[in-house]
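Heads up, there are several structures right after this.
Next come two complexes built around subunit A: one with subunit B, the other with subunit C.
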Partner chain A sequence: MTEKVKVRIDGEVIAATPGQTILEVARANNKYIPALCYMEGLSAVGACRLCMVEVSGVARLLPACTTPVQEGLAVVTSSPQLQSHRKIALELLFAERNHVCAVCVSSGHCELQALAQDHGVTHVRYPYNYPRLTVDTTHPRYVLDHNRCVLCSRCVRTCAEIEGAHVWDIAGRGIHSRLVSELQRPWGEATTCTSCGKCVQACPTGAMAEKGWGVEEMTKQPAVLSRLTSMREGQ
Partner chain B sequence: MANSLVTALPHPEDQDLIDRIIGDQAGRPGALLGILEKLQDHNPHKYLPMETLEYVAARTGVPQSQVYGVATFYALFNLEPQGTHTVAICRGTACHTRGSRALLERVKLQLGLQEASDGADKLTLTTPDRHFTIRTVACFGQCALAPVVEVDHAIRGHVKEQALMREVDALRKERAR
Partner chain C sequence: MDKRKIGTCWLDGCSGCHMSLLDMDEGIVALLEKADIVFGPLVDAQEWPEGVDVAVIEGAVSSQDDLKLAQTARARSHVVVALGDCAVTGNVPSMRNGIPSRKLLERIYVEGATERPGVPTDGVPALLKRVEPLQAAIKVDVHVPGCPPKPNSILFVLSELLEGREPDLGSKLRFG
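Let's turn to the complex of A and B:
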């Protein structure tokens, strides 16, 4: 039995296991911290910056999904500063690509959209980037629409860590980053893809979808993937 | 996108070279970076052809997408053949305010090059005869000398349009000889 550490989340004292992240401890204790790039069962990368929290004694905000707990850590999960920060992060995600919910297969089931609603994002205060992006329809069963990709890399990690194929990765850098399959091959010609569809299920937005669904029709079950990993770990 | 589907293997001699370079670097942390750097250096046109990337992935066991990610993240790697002569024009703040944009436009005009509007971070343009590559740089760290241009790895400071054009012209004639 490993020693437990005592941490405080929004004032409440919680016993946590060393090595757990703030987000894991919060989730296990029904404390809400928004998250987008985090997915249970995958490695955490801290890409979206939505899970930022205040930690007493630390001047800057820390990402809950990649910060491990320590004895005596005191975390605040919600404050006007955090709300404003998260709202900005969400607005920037919208401004970066071309998110047109009205014509999206995932509208109504999209994690980005839900987070925006929760945070009262009624409009975007920044100029839109309007990048010219492609849609990869070469796979017989799935589509990838770069216009809706938030570069969370959940598909990358799912394919690499759960399916073991590692078809995807992020190419380029900064505003020019793009999801790529293999050496920029069309998805349908990717030699390592097993067509398992796990990446599609992991994708929080309408960027990846199954073919054949109309607007608002594509629902996904990332939780099934998370359960798969916990079952494998239990073996 | 410039790269097409890869099916071909690198030339057998190149395969030997790649194998040797991979062998030298094997096991080192960040080995992939070193491997790609060496390979680009050995390439006569200073770039990483797609079949080289594919071969490296197969040999090292690093997924292709990850190799591609590394090769596109670092500005030092080229995925397109580079010209014999390189003119690198600084686009940093200091050089920009001192007219580097005009220098870039002038050289582009002089060499008949047009910007492909893919909006990439760094601009790299090569003439069809592969005699010249012009590229932009974020800052040479020589801002006091702005505007700064590097011609074939030699830094030039306080560059004037006329002088730069003359220099490019001289390099162009050198080939005609």
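Let's turn to the complex of A and C:
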């Protein structure tokens, strides 16, 4: 059996397994750290910066989802600085694209919306970008609305790591980054897509949805996908 | 104590927030014991009066008239509340922002018209290039998102403000 390491999360001493990340240890011990791009069962990429935590002896904030624990690590999961940082990160996500919750299939079930509400984001303090973005409706069963995409890459990783099809990628840089299916082919023409719908279930926002649902009607089950991975690993 | 003054107005929105304001049942009676509504679509006044305690503004800033009214309300009121998603985020009205307003008007009033095509100019305010949330045009003190915000959230915010407290929506905070 692997030797355990001792870490401190918000003052509490916890025994963790080397190789686990701060976020994994926190979750296993009912300590809340907000996360958006992280999904259990997928590789962690550290894309959204919502899980930032303070680690003693380290001057900058570290993402909990990609930072492995080590002996003696002391983590603070919540502080005025972290709250302020997380609010800024959320507001910038809203400012970057066009989120119109009032007409969104995922309103009321959206992870981004819920995080904003939980963090007391009453408004966005930055100028909105209002980019002109497309909606890909070419797939017979699913739809991708770039206006609501936060580039978390959960769909990319789910399709590549769980379904094994790797239909999605993120192309471009910075503010010009876009989710693309099969080298810019419309989703409906992507020959590698098995139409399994896993990406849709993994998507934390209303960017991906099944066709046929109205405002507030689309609920998702990412936990089923996480379970798939843990069942496979258990074999 | 003198009665306080509330002014309301409705910029580029659907009136849903005002409906929600009216939908607070007996709450409105308690509210009107403390304050009078001195301006807005619910009353007759022609001009936003001076010395308003709380301005409640629904809708995004979309036209020259919206901008003027928002500025007047700001200048003549102590506290400004942005009421609803349109005022707070731009919401549905801002969906036109990717399209130049000339093109938009022509699409609707020329290409889309079955009779008398032509972009109307008389008696209608000019559209701004871009729809903006209220805080992009004027200083906003309190944001109450929601489409529309729940009547009890509006009642809570107005009651707190009339008591001189800063309202904290807490778990009542809701977009959409």
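Definition applied: the second predicted complex is superposed on the first by the 235 of 235 C-alpha atoms of A that agree within 3 Å, B and C clash if a C-alpha of one lies under 4 Å from a C-alpha of the other, contacts with A are read in each partner's own complex, and residues count from 1 in each chain.
The definition used in the following text is that a contact is a pair of C-beta atoms (placed from the backbone, for glycine too) under 8 Å apart; a residue touches a chain by one contact, two chains touch by 3 or more.
Fair warning: this is a prediction, and the values are worked out from it, not measured in the lab.
Aligning the shared subunit A places subunit B and subunit C next to each other free of steric conflict. In the superposition on chain A, A:26 makes contact with neither subunit B nor subunit C.
In the superposed model, A:131 makes contact with both subunit B and subunit C. Of the two partner chains, subunit B is the only one that A:184 touches; subunit C does not reach it.
Of the two partner chains placed by the overlay, neither subunit B nor subunit C lies in contact with A:75. By the document's definition of touching, of the two partners only subunit C reaches A:103; subunit B does not. In the superposition on chain A, contact of A:94 is made with subunit C only, not with subunit B.
In the superposition on chain A, contact of A:216 is made with subunit C only, not with subunit B.
In the superposed model, A:120 lies in contact with subunit C only, and not with subunit B.
The superposition of the two structures on chain A yields an angle of 90 degrees at the Cα centre of subunit A, opening toward subunit B and subunit C, reported in steps of 10.
Looking at the shared chain after the overlay, A:208 reaches neither subunit B nor subunit C. Once both structures are fitted on chain A, no C-alpha atom of subunit B lies closer than 12 Å to one of subunit C. Subunit A residues in contact with subunit B (one complex) as well as with subunit C (other complex) are 131. For subunit A in complex with subunit C, the residues that touch the partner chain are 94, 98-104, 107-108, 113, 116-117, 120-125, 127-128, 130-133, 216. Subunit A contributes residues 131, 156, 160, 166-174, 176, 180-185, 189, 192 to its touches with subunit B in the complex.
For subunit B in complex with subunit A, the residues that touch the partner chain are 1, 3, 5-6, 50, 53-54, 57, 63-69, 72-73, 119-121. Taken in their complex, subunit C has these residues touching subunit A: 82, 85, 88-92, 94-95, 97-98, 130, 132-133, 135-136, 140, 143-145, 147, 169-170, 173-176.
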